[in-house]
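Down below are the structures I want you to see.
Below, chain A partners chain B and then partners chain C, in two separate complexes.
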Partner chain A sequence: MTKVGGWTGKILRVNLTNGKISTEDTIKYKDFIGGMGIGYKVMFDEVPAGTKAFDENNKIIFGAGPLTGSGAPCSSRTNITSLLPSNPYNAVSDSHMGGNFAAMMKYAGWDAIIVEGASSKPVWLRIEDDQVSLEDASAVWGQGIFKSTAEIASIIGNEASIAAIGQAGENMVNLSVIMNGTSHSAGGHGGVLGSKKLKAIAIKGTGAVHIAAHKYELLKLNEYMMKEIIGANNQHVVPRTPQPWAEYHNSGSRWLSRKGLYWGGAETPIETGENPPGDMKKVGFRTMKAVMDLGPVAEKYTIRMGGCQSCPIRCHSQLKVPHLEKYGLSPYVSNTCVGFSGPNGVMIKGVTDQFEEGDKSMMGKIVGAQLTDDYGVWCNYGLIGKDFKYAYNTGILKKVLPKEEYESIPWDKLEAGDPAFLLDFYRRIAFKEGELSHLGDGTYWIAQRWNYGDDFWHGNDYGVWSPLGFPKHHANESGSQVGALISCMFNRDAQCHSHMNFIGSGLPIAIQKEIAAEVWGSPDAIDEPANYTPMNEYKAKFAKWSIIRNCLHDSLTLCNWMWPMTVSPVMARNYRGDTALEAKFLSLITGEQISEEDLDLAGERIFTLHRALTVKQMGTIDMRTKHDVMNDWVYDVDPDKKAFTPGTIKMDRNDMQIALTMFYKEMGWDEKTGAPTKETLIRLGLQDVANELESLKLLP
Partner chain B sequence: MEKDKKDKLMVTADFVRKASMEVRLVKPDDFFAEPISMDQEQLLDILEQVFNNPDFADIKTIHGSESQYFYSSNHMTESYAKMLVRIEDKDLLKMVAETVRHESKIYPRPTDGKLFSTSPFSFNAEQLDDVVSQLKNQENYQDIQETRASNGAMYLYSNRFMTREHAIALTEWIEVLQHETS
Partner chain C sequence: MSQDERKGFLERETTRREFLKLAGKGMAGAAVSVSFLSMLGFTHESEAVAAFALSQGVLIADRNRCTGCQRCELNCTSLNDGKVQPFISRVKVSRNYNYGVDGPKLSYWKEDGQYGNLLMTPETCKQCKDPACANACPMGAIIADPKTGARIVVKEDCVGCGSCTKACPWHLPTVDPETKKSSKCVLCGMCASNCPTSALNIIPWEDVKVAMIRRGYMLG
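Take a look at the complex of A and B:
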């Protein structure tokens, strides 16, 4: 690839079957930008339909994009693409991790790493700039992620970034993660590395990402974003509590900093304080998420907020909680959001205060996070707890578990709300011990195996979104049909926050509607929360925009828990964000003039390729009835209320079919089936994809 | 003479700005006391000039039930100044009711009872319980209604701007359900 800014120009390919290590030119994938885009293209071109996640033929791609390593805010996300074992069709999916792995990969000179084949013995991949080798991993095989990371770091050096799997990945547990930095995890693909006997990838990069523009131009753009556009985590732009500088406040905001709230576990406690827009040095204090995720008691244990390379937001709470040692765990714990709450979801009877008043919310979460981060177990966005709850509460577990196994489980701890229960639970999952461990297969598989009833799938209590076995994730509760459409389109829970960041920004509905009119063409693109209106074309545009921006972010690679910058905290801007910022950064960094429209087209291409991959793997074009389906609770919740009345988020069956039709139309897909048409594939430069689908008789 | 007048304008404006930085409103009485020490007539004259001079466009006035107040919009938003005025008015019922109506109308959302325990309101639990029970008995405030989330947290809303069903659903979302997502 001719040297342009942003991309390194090289992709590393490692064949674990024959040990061959080779280099490819990134240029082939330039239309797909990077990260997710490269991943989908490799999967479409190289992995035959019908391949299973743990087959030798499956591949796994670690991808970064042109913005990673450039210094653009919130840009060190690694996109991992492969077949997903927890999906009934093992359809393609992506998982993402933050940390510093992606930036280090770029500094070492690689835009992506394609791993193929399978090794006959445990290995780890050592990358020091262009020196690449496969190393014996027998000493760390069988170890958890924490120890493995430390051992490998002692060989390659502490400055390396190491992405590893734990025992769950090694044992090919469907619900397992790949993790770097010992708390930045990508859920779903750990077992794929395990099936290939690849314990870890360790990278040391000493280079830099070439930036085409003069550095002052980039600094200027950075400063503009930092002073005028960026808010707190999830791009929340109003503080949680009333503050003199702020016109609005919202108790759900992740802008938690205020006078009197401290990083209380720091050697000298640090006050988070008020951090109005304009002071870019204090942006990192805004998201004091420890108290949001773990409760007020966490304040005094919070050493600081951490996060990914090149991110000023710092959404990972880093705590020292000595009580953890009583469970045989390290007192140092770090995580965020569902990384805390998901593992604790298994405590279905709740957790009681353990060491001090009010620590119940914290103790279950940090014990769960330490265990799952070390074993490398994934919570399926919290669904493992719901799967367990159903089996326990309905008596299924008593029936399916051998008596001896059932009696060996410390149910008394579960009933008493003692998080020590999790020690036993997650060991069984990670090591595939006994029948209980099948909870690690994922929702679809366990529901088949243990014959879960309709009340599980269709009951509101469990929140199972799709018959394919994944949960709601910013679905109909987040923007009515917009969130519902987004949640139907992927092969796992939708990891899309573009819509939710906007809806949850904390601004009054009138301002949100004005911005919606400017960005998606009408104020009717959004509804008031829990006061919905029937489908309209602007909601379809909003849903499309949200998804293609999400795909763009995972290709550029930017954090979609922050981007896109639809709103701003600045009153003088009338809270308008800047939706062209991705294009502005990319233009400066690459030296090529790239418009917002160019980028959105690339996002559309990447998302349509994802759809083509799904059609190919499922062997049907009938996406409408085989894939884009919601369980009944979405329509039947609140039986005494009608859809589109205030106070309910229930959807209407006919209306959702109209919504799908409008969405397919926006995407240029076949309005009947929801499969990409030949014309659209050609319009997006995907002629080869069209040819392949045609040969498989999978074009509408 | 001109310079002297300009200095006075500056001193007056800076006095207001400093108070706003310290999260306080300025009352007319504050100008009569040290260090400004103006009389009524001087104050009216100075204020007229301040309000007509673009250099002092940040100096704003706002009225409470008993007094007029001044603040600088460089350091305080109008909405925050309104909260402080409601506190200055010492009419707790009106303060809670107006805050709740405002939130029910613009966001729209029910107001978390915990809001009133944070700055600048800083009620204790008994004060809030007392205010809520008094609201129920006053004709002027019959639009202010209570909801409870499944964890017992208390929220208030105004039925002028929100139906009960809507308020109940949002209470549960704000207090419980949104924390299950990320």
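Take a look at the complex of A and C:
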């Protein structure tokens, strides 16, 4: 690749079957930007349709992009692409992790790592700049992620960034993760590494991400973003509590810092304080998420907040809770959001206060996080708890578990709300102990195996979004048809936050509607919360924009839990963000003039390639009825209310079909089936994809 | 820097442990002695070599405020090198991120770092009165900046031998593998002004030994 800024120009390919390590030029993938885009292209070109996730023929791609490690805020995301074992078709999906890994991969000189084949014995991949080797992992095979990471670091050096699997990944549990940095886990693909007997990838990089523009230009752009654009976690731009500097506040905001709220567990407690926009030296205090995720009791245990390389928004809580030692766990724990609540979801009878008043939620969450982060178990965005709840409450477990196994499970702890139950539960999952461990197969598979009823799929209690076995993740409750469309388009829970960040920014609906009109063409692109209107073309445009930005972010790579920057906390800007900011960073860093429209086209290309991969793997063009489907509760919730009346988030069946048609039209896909057309594939430069689909008779 | 900031650093109620952390790294319980100080790179007053003008300022880090985002390293190299390369950053955070300065031990649960006690170990140049890096340089390429007194590498004279890295008690000067030139903190302040949690600050230079005598941690 000609030397431009941003990309390293090199991709590492590691064949575990024959031990061959080779280098490729990134130029081949330039139209796909990086990360997710590279991942999809490799999967489409190299993995035959019908391959299963744990087959030797499956590949797994660790991808970074031109912005990764560049110093652009929130730019150390690793995108991992492979077939997903929990999906009924083992269709392609992405898992992502923050932390330091992707940035370090760039500094070592690699835009991506393609792992193929399977090793006959446990190995770990050692990367020190351009020195790459496979090392014996027998000493760490069988160990959790924490200990494995320490052992490997003691060999390669403490400055390495290490991504590893735990016992769950080794044992090919469908719901397992790959993790770096104690809390940055990519859910769903741990078992793929396990099937390849690749325990970990450890990287030391001493090189640079080169910048094409003059240094002052990049520093200026960084400063502009830090002072005028960036808010708090999820780009929430108003504080949670009233503050003298702020025109608005919103009780849902993740801008939690205020006077009197401390990192209370620090050696000298540190006040988060008021942090008005413009002060770059305080941005990192805004997101004091420990008290939001774990309750007010967590304040005094919070040593600090933390997060990913390059990100000024610290959304991972870092706590010292000495009580954890009573469970045989380290007192030091870190995580965020569903990394806490997901593992605790298994406590289906709730958790009672354990050591002090109000610690119930915190104790369940931190015990659960610590266990799942070490074993490397994935919660399927919280659905593992729902799967378990159904089986327990309906008596299925009593029927399907052998008597001896059933009686060996400490149900008394579950009933009593004692989080020690999780110690037993997650061990069984990670080591595939007994029938219960099939909960680790994922929702679709366990529902088949244990014959779950329609009430599970279609009832309101479980939140199972798709018949393909994944949950809602910012779906119809977030932006009506927009969230619903987004939630239908992937092969796991949608990890798209482009729409959610906007809707949840905390700004009044009137301002949001003004901005919606500017960005998507009409204020009608968004509805008031729980006061929805029928589908319109602007919602389709908003949904498309949200997804293609999401795909772009996972390719550049930027964190879609912060980007895009649709809004700003600055009153003088009238709260307008800057949706061209990705293009501005990319232009400066690569030295190529890239417009917002150019980038959106690349996002469209990447997302359409995802669609083509899904069509190919499922062997059907009928996406509308085989893939883009919602369970009945979405339409039947609130039986006393009609859709599009105040106070309900319910959707309407006919309207959602119209929504799909409008969305397919925006994407240039076949309006009947939702499959990409030949014309659109060619327009996006995907002629080879069109040819392949044509030969498989999978073009509409 | 304001008098207040200076006062904040030197006069605030602080434990000996915390002070030592500010001085470089957590060394709870280490005996404070002259030999210890000299290990940290500070010599007896009587031995001080007058060849170097004192630095006007020194970059200090409060590890309790450091969240490990490494934006200091990104901004440092962005400004000073026109590229982003944490390995040669003049302030060091990422290399200690997981396991602190001393690396993983069996007791990693409770040692420094993300896999341990969750404390970061930001390392900053002390702009030593008698700089070991400069003294070790065979080319005399490390000099006191005429304006700030910061010990700086004169690129044209540097041969990239790495003597400075080895000589520095904290191994802070770093040879860029791409250019084969060493670099170290020039007190530009870029890291401090961009630290999103105010963990880095430049304060008026003071010999750590002098400060410790004043605080009564050791007898003069």
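Just so it is clear, the second predicted complex is superposed on the first by the 700 of 700 C-alpha atoms of A that agree within 3 Å, B and C clash if a C-alpha of one lies under 4 Å from a C-alpha of the other, contacts with A are read in each partner's own complex, and residues count from 1 in each chain.
What we mean here is this: a residue touches a chain if its C-beta (ideal position, glycine included) is under 8 Å from a C-beta of that chain, and two chains touch if they have at least 3 such contacts.
Since the structure is predicted, the reported quantities are computational estimates derived from the model, not experimental observations.
By the touch criterion stated above, A:I211 is placed in contact with chain C alone, chain B being left untouched.
Within the superposed three-chain model, A:H473 lies in touch with chain B and out of touch with chain C [touch as defined at top]. Looking at the shared chain after the overlay, A:P508 reaches chain B, while chain C stays out of its contact range.
Of the two partner chains, chain C is the only one touched by A:S330; chain B is not. When both complexes are overlaid on chain A, the residue A:G453 reaches neither chain B nor chain C. After superposition on the shared chain, chain A has more residues touched by C, the comparison being chain B against chain C. Shared-chain residue A:K281: touches chain C; no touch with chain B.
For the contact definition in use here, the chain B contact set and the chain C contact set of chain A share no residue.
Contact residues of chain B toward chain A in the complex are 20, 23, 75-80, 83, 106-109, 112, 114-115, 118-120, 162-170, 173-174, 177-182. Put simply, chain A touches chain B in their complex at residues 241-248, 250-252, 258-260, 292, 336-338, 341, 382, 473-474, 477-478, 500, 504, 508-510, 528-531, 561, 571, 641, 645-649. Every residue of chain C that touches chain A in the complex is listed here, in rising order: 18, 64-71, 74-75, 77-79, 81-88, 94-100, 102-104, 108-110, 113-119, 177-178, 190, 193-198. By the touch criterion given at the top, residues 69-71, 100, 103, 107, 129, 146, 149-151, 153-154, 157-162, 181-182, 205-211, 214-215, 218-219, 222-223, 226, 266-268, 270, 280-285, 303-312, 314, 318-320, 330, 332, 334 of chain A touch chain C in their complex.
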